[in-house]
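Next up is a structure, given as structure tokens.
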Amino acid sequence: MNMPKSLSLRFFARLRDDLNTSEESLVLPEQVTTVEELKQYLCLRGDNWQAALNTPGLFAAVEQKVVDWDTPLEGHEEVAFFPPVTGG
Amino acid sequence: MNMPKSLSLRFFARLRDDLNTSEESLVLPEQVTTVEELKQYLCLRGDNWQAALNTPGLFAAVEQKVVDWDTPLEGHEEVAFFPPVTGG
Amino acid sequence: MILVQEADFDTQQQYQALQQDCPQIGAIVTFVGLMRDFNEGDQVSSLFLEHYPGMTEKVLEDIRQQAMQRWQLNQIRIVHRVGELAPSDQIVFVGVSSAHRGDAFAACEFVMDFLKTQAPFWKREQTPEGSRWVEARQSDDKAADRWNDESK
Amino acid sequence: MILVQEADFDTQQQYQALQQDCPQIGAIVTFVGLMRDFNEGDQVSSLFLEHYPGMTEKVLEDIRQQAMQRWQLNQIRIVHRVGELAPSDQIVFVGVSSAHRGDAFAACEFVMDFLKTQAPFWKREQTPEGSRWVEARQSDDKAADRWNDESK
């Protein structure tokens, strides 16, 4: 049996404004194993989470690399969510 | 009847080296009416002219603008011959 | 060379670093992105550039390496500013040196197109109606996509 | 702005003239062509650039105007040197400012491609075997031709 592991979550730009948080540490329940499941788990926190995260065009990064939503969380420490980038 | 008109001729780059001249003033005979005819007329001056001017890729400019070989000379004052350009 | 910084950058210093008296270099192409005072029909008085520290540098380095592999290049330099910016301020510098101009042009535009769509920067602009996050542009996605179509 | 001159040019001065604190400009692309010390397999110790005074300026101005009409641009600056040059010397500068980066990149490359094939400059290079005129390249003709194919 794995020990419950702490995950660092980060939110950027409009998402950070909407959630009013930029960073948090989270201990994952066992049933949350992918990035998509993590997103849905966070949506349970309330309407503002649901509205901010269940939105088209959202990106997820694991260990600072953009990933697909079915990416497993196991073995990773940093997950970020953010809207489409607009730099340059 | 037109007065014989003087034309300024210019030669550049390899052409100028081969002909050993960069500029000359020429009074055209009546039968020389186009750029092509001017070239053929100059070729009559000798083998080095023939070799330098009857060569593929040669350009002609009239009044400092690249032109087709059948361009009429009438009304113009400056004709230049030169090899393909290689600037930049 | 990749820099993400609040401070302004000196284009001449960047240009000289690209040239550095290397007689194999025949072409240097540079791009500078500047802050415009107008967007989506509104006057913009200032811009705040947020980024994802750490990831930004990794993405830019990845784009740089892709370009270095795809074309024959001598050097690529990328500088991107973050934080508060005013109209006419310099935002980003991309400079490429190469033996040949075609490679230098292509690589510089490639880096900008992928930077625009992949590097985690976000712009928030100040307009007369208040502050707003800049929306991503479809035209930027298209610009990046065309590098996949091309058979170079 | 078009300059044909023996003197070297200052890229920073050109860049500043392109920017000139105009908040509609979002992109500045510059190209600098430099003298390489190697060509066609031979070491090149110096280069002499001959031109056709008068015609050169006319052709460059014509290319500049074509680009200004084809894209949405703020300004195009072209500086081309003539006379004796040494390896690593700057030969040509083309700088373009625009609201949009796509236009600035395209116009800058367009100007260079047409300058290479239409402006009356000729290079004579000094090699260990003596002095020779540089031959025109087919690749330059192709680069210029592609602007006719493209539906922009």
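Letters A, B, C and D name the chains as they come in the text, with residue numbers starting at 1 for each one.
Going forward, a residue touches a chain if its C-beta (ideal position, glycine included) is under 8 Å from a C-beta of that chain, and two chains touch if they have at least 3 such contacts.
Computed from a predicted structure; not experimentally measured.
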Starting at subunit B, fewest touch steps before arriving at subunit D: 1
Averaged-CA centre spacing for the pair subunit C and subunit A, given as whole angstrom: 27
Intercentroid distance (Cα basis), subunit D paired with subunit C, Å: 23
Approximate Å spacing (C-alpha centroids) for the pair subunit A, subunit B: 74
Approximate Å spacing (C-alpha centroids) for the pair subunit A, subunit D: 49
For subunit A, residues contacting two or more additional chains: 88
Touching two or more other chains - residues of subunit D: 33, 101, 112
Chains grouped in pairs wherever the two touch, ordered by label: A-C, B-D, C-D
Subunit D to subunit C touching residues, read off their complex: 11-12, 15, 19, 21-38, 87-88, 99, 101-102, 104-105, 108-109, 112, 139, 143
Contact footprint of subunit A on subunit C as seen in their complex: 33, 49-52, 54-55, 58, 80, 91-92, 112, 115-124, 133-137
Subunit A - residues contacting subunit C, complex: 10, 12-14, 17, 57, 61, 64-66, 80, 82-88
